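Shared between the two complexes below is subunit A, which has subunit B as its partner in the first and subunit C in the second.
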Partner chain A sequence: MLTYIAKRLLHTLPVAFGVSIVCFLLVHDRPLPVQYGLWVLTTLQGDLGVSIATGRPVASELWRALGNTLMLAVLATFIGFVLGCLFGFVAGYFRGSWLDKLASFVSIIGVSVPHYWLGMVLVIIFSVQLNWLPATGAGPGGSADWAWDWVHVRHLILPAVTMSVIPMGIVARTVRALVADILSQEFIVGQRAKGLLDLGVFRHVVKNAAPTALAVMGLQLGYLLGGSILIETVFSWPGTGFLLGQAIFQRDLPLLQGTILVLAMFFVALNLIVDVVQTMLDPRVQRS
Partner chain B sequence: MTAANLEAIAKVEKSPGYWSGVLRRIARDPVAMFALCVIVAMILMAVFAPWIAPADPYRGQMLRRLRPIGTAGFPLGTDELGRDMLTRLIYGARLSLMMGVTPVIIAFLIGSAIGITAGYVGGKLNSALMRTIDVFFAFPSVLLAIALSGALGAGIFNGLLSLTIVFIPPIARIAESVTTAVRKIEYVEAARASGASGFTIVRVHVLGNVIGPIFVYATGLISVSLILASGLSFLGLGVKPPEPEWGLMLNTLRNAIYVQPWVAALPGLMIFITSISFNLLSDGLRSAMDLKA
Partner chain C sequence: MKIFDLGAIALVASLGFSQPSLAQGVLRIGMTAADIPLTTGQPDQGGEGQRFMGLTVYDALVHWDLTRADRPSTLIPGLAASWTVDASDKTKWTFKIRDGVKFHDGSALTAEAVVWNLDKLLKTDAPQFDQRQASQGRSRIPAVGSYRAVDALTLEIITRAPDATLPYQLAWIGISSPAQWEKVGKSWQEFAKTPSGTGPWKLTGFTPRERAELVPNKDYWDKTRIPKLDRMVLIPLPEPNARVAALRSGQVDWIEAPAPDAVTSLKGAGMQVITNAYPHNWTWHLSSAEGSPWNDVRVRKAANLAVDREGLKELLGGLMIPAEGFMPPGHQWFGKPSFKLKRDLAEARKLLAEAGYGPAKPFQTKILISPSGSGQMQPLPMNEFIQQNLAEAGMKIDFEVVEWNTLINIWRAGARHESSRGATGMNYSYFIQDPFTGFMRHLQCDLQPPAGTNWGHYCNADMDKLFNEVRNTFDAAAQAKVLERIHEKYVDDALFLMVTHDVNARALSPKVRGFVQAQNWFQDFGTITMAP
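Presenting the complex of A and B:
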């Protein structure tokens, strides 16, 4: 186990190096090797430079935005995971029935819908027509005064629900395939033959499907963190995606570079964690 | 033995082949066929836009801005500059489909080439190619596409370029794993033993076995690509105004959601319909190919 983790860590290093090079190549002006060395040194000290537009350090801008995006992405992943498991399980368990068709249809909508458009439609329904929830922003005081009360949380609902549709679709499709595969295996048939009740079979299916489903969930969290720009633009949510959008349109290169670097490194780290956790839960992964 | 006899033997020996079986199975899948019809309709709409569209997609009148759906003369209303929505949605299929499908086609060609080479040659070349691919995998696809087009600047070409770069790594990875599996099968070994060159083995023995799975995987990426391409335009990083493109139209109409909400939502519906059709067709293709009849 420890050797596996060590190996996986070593494998991550060249990837992280490559990521830093790609980010670096986006913005540079002096002879490349020299400037890359200097840039890595300052970056490792936590200094991502100064934003051209605001004159403030990129690291502090990024830190605040990262918290907002993390909040949104974690909530969205949670909603998506719960619904995705539900739909996927129902579809896989009752394979071929109308329930399967319905659940599969919902999950294919999840992976096909342009989420920025879904966000707009939800705003039209719940903000413009019904006037139940706010359309944009993160509540009074912006991102600085976030609190877990209704005034602020109601701003979180629409973007989180919109964002949850992607992991919902993907988790549902994965879980459906997993459940159908596990149910067709001999040990399940054997348990049924021995007279195990549906509840007991259910427990075995969950145990076997959980590691992969959790791994998919972890990766989805990473995709949402990195890909939040479209949804954050629709909802003016003050997170990293919104920051990235600003950086692109104001040609604020230090901010652009810093944001992309941090998000990509986050994703690399998350991949590593997912792999390690999955191996701990399911030792079969290590052997393959 | 007469000639007629020989012919009869030849006829018996000719089997219907793998691809005709796939075609036959997918033709029996009503959902996939419906999706295919929608896609063909979209393509026809894009090709014949000038003949189908009732008006000029660029000419608007400020006097008739943001008319609702069902207005006389403007069945789907007008946009924020008074241009006919129906016309612009029809014309929008041209750029949206082109921006969504082209990157996947180019990435399919390049990614398969990289993956098959890496998988067939193996060894150091494989490690070098696949480790480079891993670096691009370290970026979530949306982030990579946006970072690249943000750094390159807006425009159709830059959008296509960044999307192509995004889709090469996943296709190359699939191609590599399929090719590595096929390379170990005995008949490839036999071909090598009988003196066939590497190129011949890949062309004759490997390609036919790996292209199917790679192709199905690539068709599954088209819907992602469509959503991402329109997403780039939605952010102002792809197509520039006044060109009709669904993502861009969604962006420019975003401020109109308080005035004509359902008109503003129309371009997104077009993206949705196209993308779900490609996904359903890809799913149908996948199950038609997995089935061993």
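Presenting the complex of A and C:
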């Protein structure tokens, strides 16, 4: 396993290097090799420069936003993964039935619906009409005063639910296909012939479907970390997406550079973690 | 029965999920800005920055009288208790600094402190010079030549040339505490975190891009203006629908520039939607730089004749005053321009053809716009509407969208600067309160960037002669006559794409009491209280 992790880590390095080159090329004014070396050195020390628009250090803006997006992305991933697996298993297990059709319909809606539109609809229903949940922001005192209590967590619900819709749809469709495939394999027929109960069969299906579902979910978490500009703007959620959107409109290249770099590195790291976990769950991956 | 059950569930749920009640006397405002304005004395974010972070935390030497809603605001003494211009030398001004005024940190205001503040904007080798504040404040006071403290409470300013508009210019300059700057290690970055002015509000803290919190300055020198609220919270909400949702869901008590299509529902929900005239116009500032298609007066007139201002008013739910000139209709300086701003597509096409544009040589250019911002009203749908209007006349317009504060920086850099990226116009809403902000700064030859904010690099000898006449006319009635002639030239030469004037719409929760909406870009929040 350690050898595999080491090899996988080595594969990660060129990707990280490529990402850093792309980010670096956004801003440079000296001979490329010289400035790249200086830039890598300062970046490794945590200095991502100063925002052109605000004069504040990019790192401080970014870390605060990253923490906010992590909260949102992890919760959205959890909701998406649980619901996606549920709909996927139900649809796959009862393939062809009305339950399958209903679960498939929900997952297709999840993949197809524009999530910023859904966000606005949820705001109209739950914030404006029912006045149950807040429409914007990260709490009455902003993200600086964040606490894990109801007053703050309620700000997280609408954006997280909106954000979870796409991963829910993707996971559901993936899991449905996996379950259907696994159920049609000979070893399941054999297990059933030997008198294994549905619960036992279900356990085998879960174990075989988990690695792929996990890989898909890992990628989705990566997308959610960096790809939430629209949702964070709709809900004024002070995360990396909101920050990226502002950096683009403000032509704030240092902020843009730092944000993209860190998000891309997160994505690379997530890929690595998912690969390792997948290998732990399914030794065939390592052998291949 | 089922309906009753659902209603009961909804009621119970809403009780369970309702927000905790906030302390009485806290006003939460949803701004159109995307970030908290600069807190050091010269805010960014345009007029909105000055409204919420300038004239709240800081005072200027000269103030606007914001106590009346039924007449245009006039200048009144601020940190300067009085001022005079020398009868024999019209460039020499003497300001008597108000005695007994303290900064929030407890240090005293003196004439030396005012000189220190002017140095922070104008003297690049001064230790306290701050480029960020200078870029906001320097272009506001082009008349200032030199200055000195005559004694502890007397300030002398010498203007570059006789200039009757100096008090208007000084009304933009916030006075920061030199003692606080020393105390925080002579760093504006640190000063921004714990700022100190003399204003009626103190900034107690802020989270960039999220919120700022202000409390009353109970020791404010003007006892009639000590705020009645316990706190005021500023929240950046650049997206109009997000502002409306925040107000409707009770997250804020006040929003700037509500989305026009939400006005009916806001009123239906019991919100106060208030408007008032104020010195504002919403234009496309056209470039006169080399190669600009707007250098041809026929093209400028064609564009002005293509705009459907009544249609735009319908789009905005009536929340605008269609432009008849650069100044609002009925303004004291309006004069009698001969060019009438009306929709006449046939005439617009004819003028374009005369200028050499047609199927063989289609008109196409790029305009800079912002998605939101102080005074920008609803820039995205409004600009798209105008884009469609101009297309009907045969003019193809491409937009480059940048954030409001970035647009302001481009405006200061000028049309020739690379940041304009070849755009030949920008959608910019203007504060047009006085002769300088209303006319001179846009078109005076020697105010081309970087010296000033003549973004389009317009330069015309006749116009400059008129500006000079204004500066040298200290009699108000005679000055108004010159200003009429200036306005007539503005309109007859179609120097801007003149579209509309805002009505300063804002929506307030029914809990907000005691607000007097002055006919001004700036407002006094000290009179406001919150009903329980």
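Quick notes on this one:
We adopt the following convention: the second predicted complex is superposed on the first by the 288 of 288 C-alpha atoms of A that agree within 3 Å, B and C clash if a C-alpha of one lies under 4 Å from a C-alpha of the other, contacts with A are read in each partner's own complex, and residues count from 1 in each chain.
Please note the rule applied: contacts are C-beta pairs under 8 Å (C-beta built on N, C-alpha and C of every residue); 3 or more make two chains touch, one makes a residue touch a chain.
These numbers were taken from a predicted model, which means no experiment stands behind them.
Superposition of the two structures on subunit A shows subunit C clashing with subunit B.
Residue contacts after overlaying the shared chain place A:Val128 against subunit B and subunit C alike. Residue contacts after overlaying the shared chain place A:Val113 against subunit B, while subunit C stays out of touching range. In the superposition on chain A, no contact is made by A:Ala193 with either subunit B or subunit C. Within the superposed three-chain model, A:Leu10 lies out of touch with both subunit B and subunit C [touch as defined at top]. By the touch criterion stated above, A:Pro238 is placed in contact with subunit C alone, subunit B being left untouched. In the superposition on chain A, A:Val151 makes contact with subunit C only, while subunit B stays out of contact range.
Within the superposed three-chain model, A:Leu2 lies out of touch with both subunit B and subunit C [touch as defined at top]. Looking at the shared chain after the overlay, A:Ala53 reaches subunit C, while subunit B stays out of its contact range.
When the two complexes are superposed on chain A, the residues of subunit A that touch both subunit B and subunit C are 120, 123-124, 128, 233-234, 249.
By the touch rule above, subunit A contacts subunit C in their complex via residues 53-56, 61, 120, 123-124, 127-128, 130-138, 140-144, 151, 154, 233-236, 238, 242-243, 246, 249-251. Residues of subunit A touching subunit B in their complex: 14-16, 18-19, 21-22, 26-27, 108-109, 111-118, 120-121, 123-124, 128-129, 222-223, 225-227, 229-230, 233-234, 244-245, 247-249, 256, 260, 263-264, 267-268, 271. Looking at the complex, you find that subunit B touches subunit A at residues 131-132, 134-143, 146-147, 150-151, 223, 227, 230-231, 234-237, 247, 250, 254, 257-258, 261-262, 264-265, 267-269, 271-272, 275-276, 278-280, 283.
By the touch criterion stated above, subunit C contacts subunit A in their complex at residues 10, 13-14, 17-20, 22, 34-35, 132, 189, 207-211, 235-237, 239, 241-242, 245-246, 248-251, 371, 401-403, 405-406, 419.
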